[in-house]
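Got a structure here, written out as structure tokens. Questions coming.
Lettered A, B, C and D in written order, each chain numbered from 1.
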Amino acid sequence: MKKLMNDPTNVVDEMIDGYLKAHPTYIQQSPKNSRTIVTVRETKPGKVGVVIGGGSGHEPGFMGYVGDGMADGVAIGNIFASPSPDPILEAAKLVDKGSGVVILHGNYAGDVMNFGMAKELAEMEDIRVETVLTTDDVASAPKEESEKRRGIAGEFFGFKTAGAAADKGYHLDDVVRVAKKTNENTRSMGVGLSPCSLPQTGEPSFVLEENEMEIGLGHHGEPGIEKGQIQSADQVADRLLNDILADMPLEKGDNVAVLVNGLGSTTRMELYIMFRRVEQVLKEKGVKIHRSYVGDYMTSLEMGGCSITLMKLDEELAELIDYPADCPMFVQK
Amino acid sequence: MKKLMNDPTNVVDEMIDGYLKAHPTYIQQSPKNSRTIVTVRETKPGKVGVVIGGGSGHEPGFMGYVGDGMADGVAIGNIFASPSPDPILEAAKLVDKGSGVVILHGNYAGDVMNFGMAKELAEMEDIRVETVLTTDDVASAPKEESEKRRGIAGEFFGFKTAGAAADKGYHLDDVVRVAKKTNENTRSMGVGLSPCSLPQTGEPSFVLEENEMEIGLGHHGEPGIEKGQIQSADQVADRLLNDILADMPLEKGDNVAVLVNGLGSTTRMELYIMFRRVEQVLKEKGVKIHRSYVGDYMTSLEMGGCSITLMKLDEELAELIDYPADCPMFVQK
Amino acid sequence: MIYSANDLKQFFKNVVEMIEDKKDYLSELDRKLGDGDHGVTMSIGWQAVNEQLDSDLKDEEDCTKISMAVARTFLSAVGSSVGPLYATGLLRGAKIAGNKSELNDSDLVNYWAAFVDGVKERGGAEVGDKTMMDTLIPFSETLKKQFTETGEASLAFESAVEAAKQGMESTKDLLSKKGRSSRLGERSKGAIDPGAASAYLILSIFLDSIKSLQHY
Amino acid sequence: MIYSANDLKQFFKNVVEMIEDKKDYLSELDRKLGDGDHGVTMSIGWQAVNEQLDSDLKDEEDCTKISMAVARTFLSAVGSSVGPLYATGLLRGAKIAGNKSELNDSDLVNYWAAFVDGVKERGGAEVGDKTMMDTLIPFSETLKKQFTETGEASLAFESAVEAAKQGMESTKDLLSKKGRSSRLGERSKGAIDPGAASAYLILSIFLDSIKSLQHY
């Protein structure tokens, strides 16, 4: 699978180099760790620091979300690989203004271990760190084991609300409270149509027949729960929503934020066709859509497919979703 | 090539339906023509109306760019097909506040004819309409015949500056002047790696071998100027820049805006790696990058590849590039 | 011959059917030279025409109104390059039809001559530019010449459609000068122009419709 | 036996070479169950270790410092699941090495036993979870048992690596319970766990390094 790159071993560092050169009014690199990027902008004194991170290959996630109203710093791992503890610790150090740091990450073995080690190291340096996991992928574990679930596109909502809360001056415990509440109220499910490939191997991450799709595919290409004949957009949307709503039932009058996320090569045309069905289903149920996000928010290199995320909103979360943001890869007024 | 869709004959209208439902605080559909979308927001009295349009399949172009500081209305054609005169005329009517309307479109046979017919019809209804073409694609005709060149990603800069000018209260003639100046100062060139497919045919739009790329590919899949072995990102960037700079030489101290545009399935990682080289080349020449845009701005369904666009800036154009914008698929603070 | 409004509508219906049959072929031609959508566009446009033929035009007897409606419906449904071109042709033909419910030999010849003039004016292309004009201009010139010389409309159309076919085939070796493929230079050689192909197919469907008249 | 600092460094060098040779295989295993990057990750990590072996560690004679440097370099280069796991193992082994420049039989056995304990503590997985623990735990238990019973380190390592191999192969039919493939349920059967494979390969390289010692 063809890519525009130089030496495949340097893809991540070259991407970071290009990113820094493209957006110098937003971001800077730590002189101590090339995989730590933080905002260049002054944040309010005493603001809780927000650090995010994970493997690369998901752009805009994660490095694209450093900026006003979102994260203050990011630790960037190799493709589909958690960052090591060092850049995470360095990010925490740089964004700490004395009010503590919230670190948001996905629920993958690697993330749990590396971010866990970083947290221990940070605490040894007297930085107060709290970590909050995202576990929105309903396909990845049953409801009774929801703490085992993967974090996929729903991580975006965690960044949004925690980032907004921190920017509004919330205390550390409340930023954590908001991040956890967001996670508890967010469910996602995805479908894969076509694979991505790692620059270093060139091999497709999985194999699907010309007429197959895979429900519940992970956003690193991990196998999903069901391979089958590709269906219409409406049928796929119905299936994804069905599983999401079975897990987090919504009632008439409930208020939600919707994210229809492209995995990389799925066109915006298809994403809006999927969204159309999501809106129909929710409207039928009397559920109000407060805000919609449709596009590439958490990709998987050039994977074909998409995910649907619903986040149930209370007043506080709705306000935090609406809060402005300004990052190189995401701006909201 | 697989897609998430329902009946292929309805893709464009379903996309529009989903788009309208996703962003009701931004846009609305004309009750008279379902392919005309205009801003819902109040624009300043006496503001020059800005209409854009073209075939669908390029999202965010064109419908994603209706909003504050960009276009007021858009006419949406079938995939890769110019809209017919009716929705263009309807858009012009709806956005005309008495100060005239500027219509921006690409230099394709279909666009020229349909937008030309719409302009005639508008003038018969006493709406003052001026049209400005984009002809940024250096690969599509030699310098001596630059008026024959295709409009590709550079159209984005035309929308940006004309939209900003209109929002700042420029008179019709000055909006036109700005749009023309933008076009004169913008050059682009692209490379294709992998095809897209029309929903109705399912067939790949062109064929490239596993190790081939095509320089100068059009952004509807039209054949380019040179097929060859795929090269490194730096080599490709050098080639594209070489042709662009041969056509529009830049000098030490010149100020530019840069757009590295993804055609659909090319990852942001690759786009930033390409940008890295663009920045190196320009820096070596002593050319200052005023602002950079990296991402999917004018796609070609799921095509693999990208284009580089350079726009030479004077003080006026720099100000207009910096002017804020707020559209469903593009926000700038 | 007497070409009634119903014959005209039946002709358009036959075009609809032919386009559905040939749309993949037309798109394939367009993939080589352009953006691969010519068959899709023709199908969208003529399907819209079909709906009109089955509804608003069902009882229409005025050949001008029929031709105008087909033109507007087609244009409105597709835009693109061929919308304005074919629509302008049909509108010019509509004018010639003079609101009659039956067209005679002269009417038919003038209709198609005006059609070709309309397309030419709208698109500005000439023979050799590798467009539908390479089909239409030889068709029109042969039609007018033959009819003027012999007074025989059927035979004139037959020769004209043969000239159209040759014109279409000549596009294979032409360097494109207009439209999407004009930017290809040398690479545009070796494939028939899609618009030239669809134009020929439409004309040959018309020829069939005349021939089937004569069996009554 | 006497296992010098140079022998230790040579062992790590051999791992580097083996990983380059096996990286595509390891990634292929990971494509079936995970995200397809295990070979890439191991290559990135061990290439970084190689650079250290050629530079900062060139003249290092302290086995503890060597092992710690390898651990930190590996972790720092890759993160991911295996970074913390292998690094913790190497750090525990480093501690056992007691800053010595030569390790004896006991040291080697304790080194690897501590390695396995470290990986187990960090990852929390058990035999049967379909991870590298399915390779490492049987290895460690066999190693300790054999050495305790016979006092013969070489033979103990030989049996242990055989147990490691069987452990690795057993992962084929296990249902995954940890890591990325644990979400697969039934679908995780039928493929060897990538981490179990890389762990076995590393251990067998170590066994080779002991055997080649004995040829002096």
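By definition in this document, contacts are C-beta pairs under 8 Å (C-beta built on N, C-alpha and C of every residue); 3 or more make two chains touch, one makes a residue touch a chain.
Here the structure is a predicted model, which means the values were calculated and not measured.
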| item | value |
| --- | --- |
| Set of chains adjacent to chain B and to chain C | none |
| Geometric centre distance via CA averages, chain D-chain C, whole Å | 74 |
| Chain A and chain D, separation of their C-alpha mean positions in angstrom | 32 |
| Distance from chain D to chain B - Cα centre to Cα centre, in angstrom | 54 |
| Whole-Å gap separating chain A and chain B, where each centre is the average of the chain's CA atoms | 29 |
| Sites on chain D at which at least two other chains make contact | none |
| Shared-contact residues (touching 2 or more other chains) in chain A | none |
| Chain contact topology (line, ring, star, complete or other) | line |
| Which chain pairs touch, all of them | A-B, A-D, B-C |
| Interfacial residue positions of chain B with respect to chain C in the complex | 9, 55, 77-86, 108-110, 113-114, 117, 139-141, 148, 150, 198, 200-201, 203, 205-206, 218, 220-223, 225 |
| For the chain C and chain B complex, residues of the former touching the latter | 24, 27-28, 31-37, 39-41, 43-44, 75-85, 122-123, 178-185, 187 |
| Chain B-touching residues of chain A, taken from the complex the two chains share | 2-6, 11-12, 14-19, 21-23, 56-57, 59-60, 64, 191, 193-194, 210-211, 213, 230, 232-234, 236, 258, 264-277, 279, 292, 294-296, 299, 301-302, 304-306, 326, 329, 331-333 |
